[in-house]
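Chain nomenclature is as follows: A, B, C and D, assigned in order of appearance, with residue numbering initiated at 1 for each chain independently.
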Amino acid sequence: MSPSFLLQLLINGILLGGLYALLGSGLSLCFGVMKFFNILHGSFTLLSCYFIYSIFTSTGLDPIIASVILIPAYFFVGFCLRRYLIGRLATLDAVLIVGFSLTTVLRNIVLLIWGARPRGVYTSYSMLAFDVLGGVRISFIYLLCFIISLVGLFSLHLVLKKTFLGIAIRAVAQDPEMSSAFGVNPSLIKDLTFGISLSFIALTGGLMSTIYSFDPTLEIVFLTKAICVVVLGGLGSVLGTIVGGVVLGLAECFAGIAGAQYQAFVGTVIFLIIVLIKPKGFFGLYVE
Amino acid sequence: MSVLLSIEKVSKSFGGIWALRDVTFDVHEGDIVGLVGPNGAGKTTLLKICMNLLRPSHGFIKYKGLKITGLSPHKTCKLGISMTNQIPRPFKRMNCFENVLVGCLFGAGLKRNEAEREAETILEKVFLSQKKYTIAGELTVFEQKLLDLAIALSTAPKFLMLDEPLAGSTEKEVAQLVSIIKKLRDEGTTILWVEHVLSEVIENCDQMIVLNEGKKILEGKPQEIVNDTRFIEAYVGEENA
Amino acid sequence: MKLMWVRKMLEIRNVDVSIEGLKILHNICLHIEKGEIVSLIGANGAGKTTLIKTIMRIIKHQKGEIIFSSQKLDPYEPYQVVKLGISLVPEGRRIFPYMTVYENLQIGAYVPTKRKEMKKHVDWVFSLFPILKERRNQLAGTLSGGEQQMLAIGRALISRPKLLLLDEISLGLSPKIINTLYKTIKEINAEGVSILLVEQALRRALKFANRAYVMERGKIVWEGDRSVFNEDELRKKYFGLS
Amino acid sequence: MRLKSKSIMFSIVFMFFIIVIPWILQGYPLLFLLQLAINIAFAQSWNLGFSYAGLLSLGHALFAGISGYVTVVICNMGIPIYISILIGAFTSMLFAVVVSPLLMRLRAIYFAIGTLILCNAFQYWFMHWTEAGRALGLRLRMYPEYSLSNCYYLAWIVAFIATVLPWIIVKSKLGLAALSVRDDVDRSEAIGVPTLLVKTIIFAISAFIAGLVGGVRVAYLLIIEPTLAFSFEQSLWATLAVVLGGTGTLIGPILGAAVITSLQYALMNIPELSMLITGVMLILIILFLPRGLISIVKKILQPLRKPNTHARPPQRDQGTIKVLSNHKFPFSDCSESAVKDVCSFEH
């Protein structure tokens, strides 16, 4: 194993990790603030991939720009979904079952419209790559996705830290009853948070579509990867999510040496180890 | 009378804040021991430690001379220790009879027919025979409280811990509960009674222990304690605050 | 009659509260006048915190009415009550542990109309509790108990309320800190904020308040001011020994 | 008493029909009934874990999958298919016992997440495992007993076991303990129920039934492949069927499985549409009929019953948790406090 190969893996892992972090951020936000496990996460990510695919193939619009356009639509859908359906259910169990149902509905919508055939978004710059440091290649699209992910995560960080909305979101995550005593409307904040969570899903899906070739089975892959990121990084912070994403990305890249089957297993192993060591450690509060 | 349960230098901290500090006292067999103290004195924490639902940071509990700290709760229960809950926690989707039957089968380790008979006796004891087949979740709050007590009794406890059984009850209900507690004492159950409604504890207990901010500040006969200035201070605040 | 209206900051008339079928408050009548410190005393489980939460509309009452500055509170949600000028220092402090001290104070000014003057009011709070200024960028969860209590009070003051509800602020604190807190409360009151003070410690509460109510098992069993108070009698009421 | 004898009568007539049908019908309708039996068994298996011990497993396909693979391997070694299926089911059961100590540390929704991840990992593992035929999976040899009617009987035997086993368990001491664990783990631990053991046993039995299902399925399909064996959709399917029919009863899963399977067969040409309808139906059911289809059936049957129902002890009611402010929903507790509280005990 040459050093340049290791370096290559390292860079691949980090670049992939950025994207994973973006994937995890939506779930982390949703779980942290609303305390419910959004099983729809994977389905919506996949749906976003397909939307981008359709937009790209029909209009030729750049997938990255298309995903930015998709964001407000997703925000609106998320807001309404939480406000008119999920928010009206009294128990988390009911929410979960509605989640299952919606997953089924979304999956079959995807199957009906696009079919089971794998799809991919191939742009003019899909195959572009630079050579750096003798033998190490960096794919342009990976780098671009990495940068956009970081920009997205950083803006989330800023919103949470610097705005009144962000402070309200964090307050609701920690103590909804008390935050309502200071003029925060917890229900509205939760609606908004779900909207934001879905906006991030829209962006993630857009970026994923340029990297992966996707088919309907990928929803569960997205979901489990997002869970692993959240478990690894905790719901602590945007920074934690980035760490979680990068660790997962690196772990997958290095496990890939041993064989493809280990690649998928590594996330599970990490999950199980964390469950073993610190069952209370993950899924805490959305804190900063 | 012999010592049934002794609490030896038990301390418990939650993230740096001490809920209990070096609490030591003995409970004698056949007594009703009242455990009182203002909010946040650590009473419920102490009960949970006795039940092994929490592990103390320091110290241990001895029951009949044996150290029981560290056992799992279901083993602790089989030794004859049982507790009720402040907010009643019956099994909400099972009927009253089944609620009690579980404890008779597992906690007391009875055979099926004996357990069924025992469960009926217990329900009668807490005035719930009429509601035998009612789902626990559909009972009134007071009935749930009675059922919670019945569940605690179903494990045939020798040492029973009551966590604020009287809180939020009307006078009639209080009388009913106190009569049950007295009956239990007459049957030889040792009782550790955490309570806010002081008058009832003072009237009915043999020994009283006062906790304040995690420390035991007083121990003795109830009549002596009521007139002790330290007791009054714990509740009323210090003279020159 | 009209004048009487204006003088009354808060009036609670015949309020009943039940939670999940369990009646907790029975026919509560209570009023607070402008600029007063009123204390609400009672043992554990007497229903003091429930009453405070009812005023804040976190718990909804079934009967009776609550009137604040001649406005009925019945149709409001908790987050709207703040806008009217009531602020709460909850039992057990309940600061947001994973936010910094400054962010905790910011939450206090969340109501849009109060945001503009936030800076001014933060400075006021810092002048009341200088220690908070030193720790402004520290996570609130890492503060000591006394500092957390100060933060909880400060957070409630940022919105410059007309009425401040203090729920058991002396719980778990050393006498020295309690004394400082009470001195500050006097100062706050001197600035024109009416205060409802919930306490278990009877003597201390009576010492600071203009008037007091004693609660026992969800009922108000005694009311009056310092001058008519007889400690022995009150103690009996308090312990429910009578 | 009258009702009990009636239901026994009904069961006997039903079983008679099931036995006789292969002599009357052939081909397509028989295939439908076979599929129905498999689905019923799978739904029952999930229902056992969920309704009687509060174990919301989202990776139930895992047990069917493992058993399927084991069955193929064992049977291909020349061992009779029936024994292979049993061995496969026992392997699943053993696997459930092995992973239990780890999974049981997780509560409510976390348990669901844990099982989901585990199942997904296995899918990937088998996808890339050369010895297991990678994505193409394994083929079962043409065993001598292979025929549609044999598979049909096998499937119904499994469905029968899957229905009767939970029924026996619920009547037993174990079932009572499991119910108490479902309602309140800590409290049942505090009154002497060995909760971990109870949960493990129930989970293992549930895995055993799922294993039988996996074995029978492979016995009639003659092939197993990872995308099908470990699919998330299948685990989800069980959840949908049980909730649709009504949790906490033995008839509920049967009803749910019957409805979904019929729908699937009716819309055979567009299978996606049937699942889409199922999903929408379930959302509507949760909103307007939180106790599942069984409540409609009960309502229809109500006037048929004699008024002496009054004398009987009322049926155990499974629904107490609110969905909408005025609805009740039969689900295990996973309120906010339960979510914060991930692990069972402090030590």
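Following the convention adopted for this analysis, contacts are C-beta pairs under 8 Å (C-beta built on N, C-alpha and C of every residue); 3 or more make two chains touch, one makes a residue touch a chain.
For clarity, every value in this text was computed on a predicted model and none was experimentally measured.
S.K.: Along touching chains only, what is the step distance from subunit B to subunit C?
M.R.: 1
S.K.: Busiest chain-chain interface by contact pairs, anyone?
M.R.: Counting C-beta pairs in contact for each chain pair, the top pair is A-D.
S.K.: Quick one: subunit A and subunit D, Cα centre-to-centre, how many Å?
M.R.: The mean C-alpha positions of subunit A and subunit D differ by 31 Å.
S.K.: Distance between subunit B and subunit D based on Cα centroids, please, to the nearest Å.
M.R.: Once rounded, the distance between the two centres reads 41 Å.
S.K.: Could you work out how far the Cα centre of subunit A sits from that of subunit C, in whole Å?
M.R.: Distance between chain centres, rounded to whole Å: 43 Å.
S.K.: Hey, how far is the Cα centre of subunit A from the one of subunit B, in Å?
M.R.: Once rounded, the distance between the two centres reads 48 Å.
S.K.: Sort the chain contact graph into one of these: line, ring, star, complete or other.
M.R.: ring
S.K.: With touch defined as at the top, which chains are paired up in contact here?
M.R.: Between chains, contact exists in these pairs: A-C, A-D, B-C, B-D.
S.K.: Given the complex with subunit C, which residues does subunit A contribute to the contact?
M.R.: My answer: residues 164, 167-168, 170-171, 174-175, 177-186, 285, 287-288.
S.K.: What residues on subunit B touch subunit D, complex-wise?
M.R.: These residues of subunit B touch subunit D: 51, 53-55, 70, 72-74, 77-78, 82-83, 85, 89-95, 98-99, 101-103, 105-109, 112, 132-133, 135, 137-138, 151-152, 154-155.
S.K.: List the residues on subunit D that touch subunit B in their complex, please.
M.R.: Subunit D reaches subunit B through residues 173, 176-177, 179-180, 182-184, 186-195, 248, 313-314, 316-320, 330, 345-347.
S.K.: Which residues, counting only subunit C, touch subunit B once they are in their complex?
M.R.: Interface residues on the subunit C side: 20-22, 24, 43-45, 145, 168, 170-172, 175, 178-179, 199-205, 207, 217, 235, 238-241.
S.K.: Can you name the residues of subunit A that touch subunit D in the complex?
M.R.: 35-37, 85, 88-94, 96-98, 100-105, 107-109, 111-112, 217, 219-221, 223-224, 227-228, 259-261, 263-265, 267-268, 271-272, 275-276, 279-280, 282-283
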